[in-house]
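Look for subunit A in each of the two complexes below; its partner is subunit B in the first and subunit C in the second.
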Partner chain A sequence: MTRYARLLWVQLRASMLLAMQYRADFVLDGVVELFWASTTLLPFFVVFAARPVIGGWGRDEALVVVGCFIVLQGVLEGAVNPSLHGVVERVRNGTLDFVLLKPKDAQFLVSTARFSPWKCMNVVTGVVVFAVAFRGLGRPPSAAGVGIAAGMFACAIVVLYSVTTLVVSASFFVVRVDNLSFLFTAVFDAARWPATVFRGALRFVFTFVIPFAMMTTWPAEALLGGVDVRSMLLSAALAIGFAAVSRTVWLRALRSYASASS
Partner chain B sequence: MIEVRSLRKAFRVPVREAGLFAALGSVFRRRYRTVVAVDDVSLSIERGERVGFLGPNGAGKTTTLKMLAGLLHPTSGTLTVDGHEPSRREPDYLRKIMLVLGQKQQLLWDLPPTDTFDLNAAIFDVPRDQYVRTRDELVELLDLGDVVKKPTRQLSLGERMKCELVAALIHRPKVLFLDEPTLGLDVTMQATLRTFVRRYNEQEGATLLLTSHYMEDVAALCPRVIVVDRGRVTYDGSREELARQVRPVKRVTLRLARAATAEEVEGALGEGVRVVTHDAAELGVEVDRANVGECVSRALSRLPVTDISVEDPPLEEIMRELFRETSAARLEADADATARVDADAEGAPDSGEDA
Partner chain C sequence: MSARSVLRAAPTVLRVGLAEAVAYRAELLVWVLTTTMPFVMLAIFSAAAIDGPIGRYGQTELAAYFLATFVVRQITGSWAGWQINVDVREGTLATRMLRPLHPLVAYALEHAAAIPMRALAAAPVVVILLATSARSGLSRDPVSWLLLLVSLALAWLLTIFINFAIGCLAFFIDSSQRVLEVYLAVFFVASGYLVPLDVFPPAARRALSLMPFRHQVALPVEIFVGRYDGRAAALAVELAQQAGWTLVALGLVALAWTRGVRRYGAFGG
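After this line comes the complex of A and B, so read on.
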């Protein structure tokens, strides 16, 4: 375990070095990230300017969901996507060979190969959004609520990572999965709204198939003090289920790796 | 050290005719062809041996190398390397081997090579002091100096390949699989890499399996060669024996005190002698191995010889001749394979592979 921790640190260090390799890019990336994080809030304010309550959620309560979304988006784009999307290219040009020649778990190696440090700006923005929301509500979240929300966030990250792994695993069979990846990113945008906004089939899909409800709505409910035990257990079960399925599919995909021409 | 028995690797690859209708048709009904990249390869390599793995494009060299490195699963047959079954990719096994692919790189493109070295040291759990010692030693042997501190994208091809070797050797592997390591390098750089690889082999007692289209690499490094063609071993033995079998002649190079014509030289040396290179006063002639003594004696007595040398024909020529013999058979086999195309509506995953 210590060896993997050391390896994670070395990979993180390499990503930091890469981010700082070009000074102009480093500064520009920071400014761009700040801009994108702030634009995430625009649709929210447009909608709530027209209606005070949506799907049973008031503006400040729904803002907590947006905060969860911004944080999770930062994790997705900063820690999950850069590494896993690199796998698609590695499969296509055959440089995955070098990963498979290493005496460490290949999924760990490719999952930690690249981070985008500037995406942590989303996490900072998310925390600011939480502060604004709870100021509007006139009360802070309880310590227990923060603890439960943190646990549910961890489960959400596992599910998000697993879904991305499943998308990436498809590249072993169909080579180009860019469209699938863009589709997921576009659909993930729905997670910025509370799950109760969606009705019928969409609610079922966003709860069980691509469980956005457990990623943003349930942690927000935990912070607001209204989450039930059933959601907590379901959250953990979804994390375990998705992790198991994605691991199985990944290992199967590896076996079919044909190593592109040299 | 390396034991391979009846190794076979087949790929199913999709095929279709050119054109829009064929493309549309393949969406509904895919046709596949079974390509046998490696077909019944058996070989045995001792610890510390340096072996050249030769063959024309598509012969199955790279596929065999990738199976030995554990990257590809054999379709059938067995292979073990130092007691390990490569396809299991056990960490203990991966710590013993390295694979350098001349056309692919593992160096981090935008960072200096030294960052890749750091990363590999962490991945292979190389203790810090041992890592620093190995890195500095390899950097010095390859005369890299401050090159390792420049971003990889700014390095020349030769510098990059040297750094690739350092990155691959940081954990001091005992088995070296080198696939076209000198591809695209200039003559000086090729020689530097050969010297380095040979020294590593001698110092560490490492086993070396090398594929290269540059016969100088094989001539300089590998006393033993294994020739594969169409996935089968067609020769396994010493370089000299291969030369004897394929070209039962010796190359005699004559340097004369004055220019001479090919006819004049052939006339002086007698029957069975053929001039193959001619540059004014320097001529290369081929003569049957049995008649070398007589040929040299005649040359010395009948021509104004200032220098003379007797060698096997260049490996390059031997391989060219060897592969020319099999090219006709290859065309015939390709025609047979086309006939074996089988239609398959269900389809298996597409696989692409350079054999």
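After this line comes the complex of A and C, so read on.
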């Protein structure tokens, strides 16, 4: 276990060093992030300018959901996507061999291979959004709420990581899959809205199939003070379920890996 | 390169492009699925408009607007900017330049060849548009339908020219992917793709009307949903503006290409 922790540290440091080489990226990523945040926020404010309450959500309450979304998007694009997208490339040209030869778990090695530290700008943006939202609400989140939200965030990250692993596993079976990963990132955009705003089929899909509700809506509800034991349990169950399925699928996919070089 | 040589090469390039689109149909379908944002926006707006219309948009008008938006983006969408970036970085542009066909013309023909497959992907949405109540939110004027085709063609050209111009920046700054991302973010908001432009407050609307982006999506969509029915004169002015922006974009492309290609190192290849 300590060996894995040390390994993680080494990989993280390598990513940091790589990122420090391109310091200008920090500014550029910041600018790009600002524009993307505006595509999130402008439609949001336009819709809420037309109606003060949508699907039971006031503007500032829904803004807490947006904050959760922006933070999680940062985690997805900074810590999950960079490494796992590299796997697709490695599978195609056969360099996954070098990873499999190493005496450590392959999934651990590939999923800690690369981080984009500059994406932590998203967390800063998210915190600003939280600050604006709670200022508007006129009350800070309770300590218990923050604790529960943090726990739910952890579950959400597990699910995000598992879904991405599932997508990457597909690359062992179909070769041209690079854009499948863009698909998830694009669909994830829907998580910026409270899941209960959606009705009918979309709400079911976003709660159970691609569980956006547990990623952004439930943590936001916890921050807003609604402590719901059911959603806490469901959140943990989804995390465990997704992790188990993705681990199984990954191991099975690995078995069908036909090294391209041999 | 003369017009004649383009005409001679066009059928072959189009055939190859169509064959590629058919061969990688799964990939194409995934790309189509990444552009489903209008459906999410439709769900949000209809939830917001549940107790009365927002501006001129009731449930029917919203459905017509966002489904039309999806269809228009399928037909006019362009990925040439990303293509040029990859080709410049990996040196594959050298191969393209050796062919007796201008690389930009070749990109445009490849895009044109993918339109039938993309239209096929958009067909179910068109059926929904025509078969449900959303139909009453569409244009009923034959003049509008005819000029919609003109507007779609201009929107297609404008979008691909903007892609070319930003893509050619890669000659100067190694990679213009971040510029493309910023463009995409501005495009989403300013083109009417995520929010109908007349829902914006008046000041923002005026600012947006001075930008080229609304000619990429909003104008064809508004013709589609019958905003210009019986207003041929107003529509002519809009189309003239659209054509003007397309020419400006073409000028930028010519400038960026001729300046940029001189700096091209053609490494790799």
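The rule we apply is simple: the second predicted complex is superposed on the first by the 245 of 262 C-alpha atoms of A that agree within 3 Å, B and C clash if a C-alpha of one lies under 4 Å from a C-alpha of the other, contacts with A are read in each partner's own complex, and residues count from 1 in each chain.
Everything that follows uses one rule, which is that a contact is a pair of C-beta atoms (placed from the backbone, for glycine too) under 8 Å apart; a residue touches a chain by one contact, two chains touch by 3 or more.
Computed from a predicted structure; not experimentally measured.
Student: In the superposed arrangement, does A:V10 touch subunit B (first), subunit C (second), both or neither?
Tutor: Once the two structures are laid over each other on A, A:V10 reaches subunit B alone.
Student: Does the superposition put A:T248 against subunit B (first), subunit C (second), both, or neither?
Tutor: neither
Student: Considering only touches as defined above, state whether A:L42 meets subunit B (first), subunit C (second), both or neither.
Tutor: Second partner only.
Student: A:S142 contacts which: subunit B (first), subunit C (second), both, neither?
Tutor: Once the two structures are laid over each other on A, A:S142 reaches no partner at all.
Student: Going by the contact definition given at the top, which residues of subunit A touch subunit B in one complex and subunit C in the other?
Tutor: After superposing on chain A, no subunit A residue contacts both subunit B and subunit C.
Student: What residues of subunit A sit close enough to touch subunit C in their complex?
Tutor: Residue positions touching the partner: 28-29, 31-32, 35-36, 38-39, 42-43, 46-47, 49-51, 54-55, 174, 176, 179-180, 182-183, 186-187, 189-190, 193, 197-199, 202.
Student: Which residues, counting only subunit C, touch subunit A once they are in their complex?
Tutor: Going by the criterion above, the answer is residues 24, 26-27, 30-31, 33-37, 40-41, 43-45, 47-49, 54-55, 178, 181-182, 185-186, 188-189, 194-195, 199-201.
Student: Mind pulling up the subunit A residues that touch subunit B in the complex?
Tutor: 3, 6-7, 10-11, 14, 17-18, 21, 93-95, 97-98, 100-104, 109, 172-173, 175, 255-262
Student: What part of subunit B is in contact with subunit A in the complex they form?
Tutor: Against subunit A, subunit B makes touches at 11, 62, 66, 69-73, 89, 91-92, 94-95, 97-99, 101-106, 108, 110-111, 115, 118-120, 122-125, 151, 179-180, 349-354.
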